[in-house]
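Order of writing sets the labels: A, B, C and D. Residues in every chain begin at 1.
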């Protein structure tokens, strides 16, 4: 079996998730290509040696510029902060490498467009991928198949939110709350996922944003290691309304201050022939209400999407209801990347740079809508 | 015990719910005033006789004008179609009667304002009430108490939807789909309830609408008793974003084409110290996530709001977890009306005409926002 | 429409539930017979006058012997304590009256047998009914129809429990904890319901009890109005295993000390072709797992049993998902009694004295099994 | 860091789960000892080479007798069929190796006793472990901590079932349905887990079995690769009632024909001060009803046992609500084994051979109870 040498750029939380994915993928999946954990790149070389040893990387390096041009490398996997995606991605594409990049695609729409353009330019030699990992929960991939096969008929509604709770006033002024570093708050971090998921599930594009509101509820936070406070200038929550080309209306909401929701990436789709809903906190389950079923016994069916013979990705793992967890989405994605690079079909469609750029356009439109302040004041309505 | 003679205007679905409420209220509740089912008014007198006998009304009549002036009558209860609320309400107030009116307050904002003004003018003699019945589910009234007592602290988010499923393309062109008769579709019917509930729970007013979208998914429907189709010109769904005076952001959504949701009047409130959520389809339950509880054992607590000693209205009914149903909300409201008219406190705040007028202003603002079409086209975002 | 004059024996909790049922039934249901609330009988006549007025009984009386022979009376409804069921039931049957009796049928198996025999003897003139009210939740009646129509195929398992939580050590020595008054504890009160429900759903009889355990966890309780304690000598919990004629195995458990369960009357049935489950705390819902459905989308379906066109009893009430509560089961049963007495079919099979006697035999067999102490000591197994 | 060389005996489903556990454990956990995947042993050497390569075993071998005596080996991990546990375990202990063995401990109680005795004899040199993996779900380990700390007070009830659905009449005559090979059916496979879990959670021993029933619903099954049928002579379901030394009563049920339950390992414990429940199909969740909480807001709390700072094992994995799956239980157990072998405390108590032998005694007592047929025939009860 041919090896694909991976170069990983970045070593934090996502570096761990990706190292695990590349290490596990050929153990569980039967694939035409083998991921070889070749080299991990990071700025803190002392830490890096231990990281490489722990996760099985053959080499480590501090200079990504050399690595992305290294002949030994087949795929560059970018998990650096958002503002550091574009430069290595462009260099890697230029060097003819395949590139897999964490989401959101880039720190700015301009960067995202440049990445999309570069991907198009080098399309003959290099493929691009973006790690919208939640697409690869079996329940989500199943939902996509059901919708694509027409089970819901015409789509009327999308209702998506990604809610977390860790951003209350007691949380200190981490880099995630500073715009110059993080770009945005909940919007780029969380709305990116649900916009991607809605587009993925519907196989349709958002054409309009009908209104938005962004809020920073906590504007002053304690500076870590200090008794002083500093300004938090990113959004804690962003809500917006949109519509799709085929007429469906959609609501999106991201928040870091929705207590009770720890990682609640949820979506519901209502169509003429039925509805589907998913929440990541119950990730092995897809709920389905079939409008074509006999009325006396219809309702929401709780599908355990854990049957190897019937549900995407599951065959590689365990028997029925021997449930999967968070990191399996990454392993499943690694499997699909290896399949596609070997000329096979993925189990569910993979997002490339162009696809992720479309998601980023939607996020930008929502921000524009929130800024233009076209709101109706109640005081006007007597 | 003093009797309060009730005159009921209307005899359809809501006539039944109200007749039941006035008939049941003194059986279950110990109250300072007794509801006497005096007279029911309707246009179809033949049907009316049977209705009156069945539900225990002493009299029936076709002319509401005479009835609202009848000295024997103490309270006029209006359950006619929305466009027929204002005229009898104004006449009844003029005659010094207490008036209870179904929601939404009126067919138009102008009518609603006139009703509010008349209520203010006659406030010394007559009290007004609006049947936002869902406030009186014990679980909802409990939520209001918890929020009012500061359990959630500062409120960040409201997330409300009222979803039904009966309005798909196979549903014929009922009067509810004709604007000239119904005024609006899901908006007035369903959003009215959740806007009231949000205002009730927060004890706060909406000050801004940040965007809205209204959709008629099914524009042609079969005319009942015909093979032809006619135009459906009301909204099937309306979504809008709003914010409250104290800074909370809110989303509202009403739909008649959300398959899987039969009568899903749902609301969630997230605050600094915790969250609450309610869905009418599970009406005896209030979910509570307490951010001040020890982290190792915190989460969403499913409160069965069925304890007589601890939950509003329940003492009048059955032991713990001997659950209540839809019509109990109406009986609970009748009990509160009788208490208020006898100078006592209600178990939960009652909405009067002014309160319902504020809700109607919000609905109007949402429609304005949807009409002004200030949407951002994705095509503008490159 | 013909009237059926009801005589109610008893006036406490169940007297209230039955008064409400007879008062509501002809308001909501269209029936061939009208329940007339004729006379209520109780020992405390002073209280009785107020009770009769409140609930609409025309007369009240202290002497049940005269009432059960009163020519005006058509049906005698018995809601007295369990040890006072047999005598008035026998007298009423002797007098040719129809008899409806609360569950369990009697205080002892001997009494139950006598009642069964008398019912058989007078069967030509008088019909008997036993208020196993939970059969008449629409979700339960739907389950019975589905099983009777073969939807589950051969039945393998029944798993039933009726759990409450009010009987902890802080609860004083109420009459319910004294054997000489109450007969038994959780067993007669709660297991009676789930044994009836299992027999009802399966349409099959229990032929064997395979083991049982009864426990009194709290043996001393404070005597109400005293600082002393007295002996609690009824069971707090009884568990037993049984099998049905057609081979299904079953477990039954009743408890008053299962915190978190307030009125959790639950049953699950597993068959070759699928499974059904119900919990009264979510009484409008029936869960159905269809083994014949396509595997990719099968699972537990949450049926809201609230559709008038498709679910038993619902047509009489409200639209879809305008949910029902505890007392509706009694009203539904009153409707079925009136139908049967007018020669029509009930919406779901009604239990008569013979049927309730079979349930009582099962309870007796469980007690025998618990007493015979045929347990295996672990100390015997090395 | 010191290495512990692992020898794995067996290579099927469990071989995969254990290989993964040993491979992952030092990547996610910071531990005082490192698992080295030294040698895997199996009968089919051709298959074994690929298996070893895939999972990272340094060597493979066909002769377990040599391997268990190999000086290089530190721990022998046994995942062979149940009847092949005892012999290699005894040999490994004799050779001074630590032994980890899959559950149930052995094919017969005699073998289990011999293994327990050998473990005792070699206790100074060798430690033993049994892979009751479900103890190591964070939610289960949390439950154990809460009960051990007295949160539930005196325990009244245990209600446990382990239900699966794959054993219907269409399933062919696999080895699992043949007694001579499998020993028992659902009983040894599934009841073993829930008896262990009940003993683990309560920290108490079962002293009595009060009744049991075992059933083979499907007695003839198609022989794989044939059109003929053969006899299935193991139990499809076993139910039994038991009681603990401290007075709690318990029900246990295992079934392979409970449609709708795919891997439903469920347990509920009710105590004087509260209740806990867990189902593996929702493995990241522990439900807790706290009887000492204020009544107005108490109920079942759905704890996401996914907080690194508060819940066992989670710190090694991902942030809050980035949920875990089936195989994490094995990795968590491997971590605890390594800790214990290095002289540290495990995160939750580990079962050794003596502990697993106690579970096996309970299973044996249940079988005895089922065989002795001390059932009460209903025909005896008139």
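Heads up, the rule we're going with is that contacts are C-beta pairs under 8 Å (C-beta built on N, C-alpha and C of every residue); 3 or more make two chains touch, one makes a residue touch a chain.
Bear in mind the structure is a predicted one, so any value in this text is a computation, not a measurement.
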| item | value |
| --- | --- |
| Shared interface partners, meaning chains that touch chain C and chain D | A, B |
| Comparison of B-D and A-B (more C-beta pairs in contact) | A-B |
| Whole-Å separation of chain centres (CA-atom averages), chain B against chain C | 36 |
| Whole-Å separation of chain centres (CA-atom averages), chain A against chain B | 40 |
| Distance between the centres, which are taken as Cα means, of chain D and chain B, whole angstrom | 53 |
| Where chain C touches two or more other chains at once, by residue number | 299-300, 304 |
| Complex contact set, residues of chain C against chain A | 142, 146, 288, 290, 295-304, 307, 309-311 |
| For the chain B and chain A complex, residues of the former touching the latter | 109, 113, 154, 156-157, 159, 161, 163, 165, 168-169, 205-213, 215, 217, 236-237, 239-241, 243, 247, 249, 251, 253, 255, 257-261, 270-275, 277, 289, 291, 299-300, 361-362, 364-366, 368-370, 372, 374-382 |
| In the complex with chain A, residue positions of chain D that touch it | 13, 17, 20, 23, 26-27, 54-55, 166, 262-264, 280-284, 304, 306, 317-328 |
